[in-house]
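The next part holds the structures, each set out as structure tokens.
Common to both upcoming complexes is chain A, partnered first by chain B, then by chain C.
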Partner chain A sequence: MEANAIKTAQAGTLESMDCLVVVSESDAGRAIEISGGAAVRFKASMEKEINDTLDALGAVEPIRISVQDNGALGVVLGARVEAAYRRYARLAP
Partner chain B sequence: MEINAAKRKIPSLIDGYGETSGKLFEGAFARVPSGYRAGPKMRAAEPNGGSKVIGGIKEAVMASGLKSGMTISFHHHLRNGDFVVNEVIKTCAELGIGDLTIFPTALFDVHKTIIPYIRSGVVTKIMGSVNGAIGRLVSGGELGTPVVLRSHGGRPRAVVSGDVHIDAAFIAAPTADRGGNISGRTGKSACGSMGYAFTDAEYADVVVAVTDNLRSFPISPVSIPGIYVDLVAVTDSIGDPAGIVSGATRVTRDPLRLLIAKYASKLIEASPYFMDGISFQTGAGGIPLAVTAFMKEAMRRRNITGSFGLGGITGYFVDLMREGLVRKLMDVQSFDLEAVNSISSDSNHIEISADWYANPWNCGVAVNMLDVVILGATEVDTDFNANVNTEADGTLLHGIGGHQDTAAGAKLTIIAQPLLRGRIPCVVERVHTVTTPGEVIDALVTEFGVTINPRRKDLFDAAADFAISKQIPLVPMEELAARARAMSGEMEPIHMTDRVVAVVEWRDGTVIDVVRQVEK
Partner chain C sequence: MRRTMLYLPGNNPNMLLRGHLFEPDGLVIDLEDAVSASEKDSARVLAREVLRRGEFGRCEVTVRINGLDTDFWRDDVAAVVSCGVSGVRAPKVESPRTVLDLDEELSEAEEKFGVKRGSTKIFCLLESARGVWKAYDIATASPRVTAILPGGEDLAADLRTGRSKEGTELEWIRRMLIVAARAAGVDALDTVFPHVSDDEGLRRETAFVKQLGFDGKSVIHPNQIPIIHGIYAPTEHEIETAQRIVEAAAAAAARGLGAVSLDGRMIDAPVIRRAEYTLARAGLPTEKR
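Then we have the complex of A and B:
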């Protein structure tokens, strides 16, 4: 890996009722971006699911979480965020 | 603000639509006709048997006497392949004709080329189904007056009763002759049934047939006779065949949808209507077609034959007729090439007008002869009200089609739908838009089983044996709604302004609901 390459990890797919979660480095704090059709009606609960999952994993470093949602239920979103974050955390600094 | 019988708040005055007092939905069968049918201007043909061929669309628009502020109508059998709406509107713009009300049966994505003419005021009002790009434009509040949505039966009722007067009808004609006779059966743009165009031809002051296949007089068989037609315009092409007829419609292979179809067909089999002579409508969707496939198996097993299949006809129904499982097809719209070929060659495949198909105010509407209809919906609520017009984000994206008419006419109306579309639940406390009231919907079928409208106690009794043998899981509505909520979580509300962007009429012309503009 190059010294200044951006550290990213992802989990999930763009299949119906799934989502693609990408975790990458952030300059400051935790940033969440959500796109997809269900976001208009579920944005707050999706953000809560993402934050709760990351908090439970003890994620304190500044990261950007980008979710391309295709109708994932809450449990699916949580699982994808957890997998993406664990992959991210394993990467060398 | 008033509350109608579907418990919806309707403004007393809707800008661009008018007063709603005396026009509020009162119940599915509350309103009955009175007075006499309306009529078009009387006119006579040239005494010496001249030709009605006037030239192209431009010459026809000029000869028609069309002026700014008038109402012009179109039919949608050429679907997403239609060139006629776009060409006529463009021609009007070039001739300086504006402030038009357009009265199409439906607009599709192909018609997005008229968007600049909506913005520039050539088209100022739309009465008809708006799908795709124009639906989004309307939802965003870019049309000055609300769109008026009517069902396939509500539209001819509005014309026949005089609610809507058509100044000029432009009929895309896959075949025509110099006498103005029209057929949809032949030609490079063949579309089969001309069902939606009949009432327009009978009731417009001026009728223009636009054709790319002018044949010698007289053509046969004739769909719309020249006695209604004033002018014939000839163009190179009225549509793109690839957008007119769809490819072969297939039964779904998704196991979840197959399970839903199986439960629905079991409910039909358990009902008192599953007997020799059963009639049904299933449309072209994946689940309804699968229901037909399961029913076919049950019909063979119990040795019964259907009397007719109704509505939009696909090759799948043509096969059912050829195999002797239904005797006749009543076709208002031929969806695929197989249906087009069948209506052209088989006298058991009957072309019917939208009036005949679905108008509640005539003496022989076909939907009233219907035993079973399988429908879809974007949402159903705990009162069994169905929404087919607006999406989860509140935007207007679909027309009513025959939903209201078949639901009201059929003895058994089934909505078959997965409980969730993605994370969006299909069963909610309250639908965003009421298209069809719960009083005419008898059962909802999801992957969890069959939910019968408590109003239909007879259906519970009919389904009892199948329920005991576990062929039909019966799920109460409250349980289904709770299950949907538990899986998807609470939905956040849609924020809307007070501005009405669409009026949803019940098939009798009363206002069943309005669609408000979504806040940006």
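Then we have the complex of A and C:
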């Protein structure tokens, strides 16, 4: 069981103006999934926010980022991605 | 002015981004009691990013950090000082030593992040009998201390009583803290009124603490803000008198006089400061046009 356990971490909520971000292992590269009301209209800017945040944190390993959005502004999305990734990678505060 | 300082739960984007729209005088981003232990890291990141965004209208922005007896407070300080926050609200302060430890940590963080040394103020929450007893020593422990505040629930528990609507258990403490604050030259800010639907009770308590000399109250619900501002708003007579005092003082200064008489009363520096404060509370210019 241990050998097959998938490493995941999450941050955020599904409350209004927030989003729930889940970071998990990926087979290759960085995969981003976004769902929620604004996912279609703001997909490009949300992906940029996510990538910029992860790059700033030095995230190079293959990971999957899943975002369930409930109207989060970019500043909130970035904060939730950072918190989730810090938990995933066990980075110091 | 610090008539109202609205607590915002540190892990709630909705409130963090919208709190200033209710136009309190100040905001208190709460990383302590409003955030569970498992969410401290996430709330700290969120608070830091919202602080960096910096859209808070005209509000003074402070952060209630976790207590100095926890593993969280140093990370809280680093996160918020890097954003140039106005001040930190320290919970459960019981001795001048606590203030000095926080002062030292703030100085290190200010240097590290290129923030002007000494610019981050300290608001001391006195939430135990021991803390209240040492109020003056705490308020004078560092030039960073800008206000002392009585606790509510924690203080009542430490006194082995509970909160009453009349505030009997806090009456003497409020009187003591206002004297300590004025002697130390810092603000006295009252605790929250927890009954959010009892407007009349809030009016009564606010009128009482205003008369004691408190500069304002902490607030836990936006609906409490206009009620408190209403109590603190000066009357027309007070405004008219204040304007005449400021004008008389300005005229005296223009003639090179240090003091002046108005309606048979000596107008000196403390009276002028009081008049200017009255005009500020009324939202009027404090200088003669």
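In the analysis below, the second predicted complex is superposed on the first by the 89 of 93 C-alpha atoms of A that agree within 3 Å, B and C clash if a C-alpha of one lies under 4 Å from a C-alpha of the other, contacts with A are read in each partner's own complex, and residues count from 1 in each chain.
Operating definition for what follows: contacts are C-beta pairs under 8 Å (C-beta built on N, C-alpha and C of every residue); 3 or more make two chains touch, one makes a residue touch a chain.
Being a predicted model, the structure only gives us computed values, none of them experimental.
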| item | value |
| --- | --- |
| Combined model on chain A: chain C and chain B, fit or clash | fit |
| Contacts of A:Ala72 with chain B and chain C, given as first, second, both or neither | both |
| Which of chain B and chain C A:Ser24 touches, first, second, both or neither | neither |
| Chain B versus chain C as contact partner of A:Asn51, first or second or both or neither | neither |
| Touching partner for A:Glu15 - first (chain B), second (chain C), both, neither | second |
| First, second, both or neither for A:Ala38, with chain B first and chain C second | first |
| Distance in angstrom between the closest Cα atoms of chain C and chain B, superposition on A | 6 |
| Intersection of chain A interface sets (partners chain B, chain C) | 16-17, 72-73 |
| Chain B residues within the chain A interface of the complex | 392-393, 420-424, 487-492, 494 |
| Chain A-facing residues of chain C, complex | 11-14, 17, 41-42, 44-46, 48-50, 52-53, 75, 78-79 |
| List of chain A residues in touch with chain B within their complex | 16-17, 37-38, 40-45, 69-74 |
| Partner chain C, residues of chain A touching it in the complex | 11-13, 15-18, 72-73, 75-76, 78-80, 82-83, 86-87, 93 |
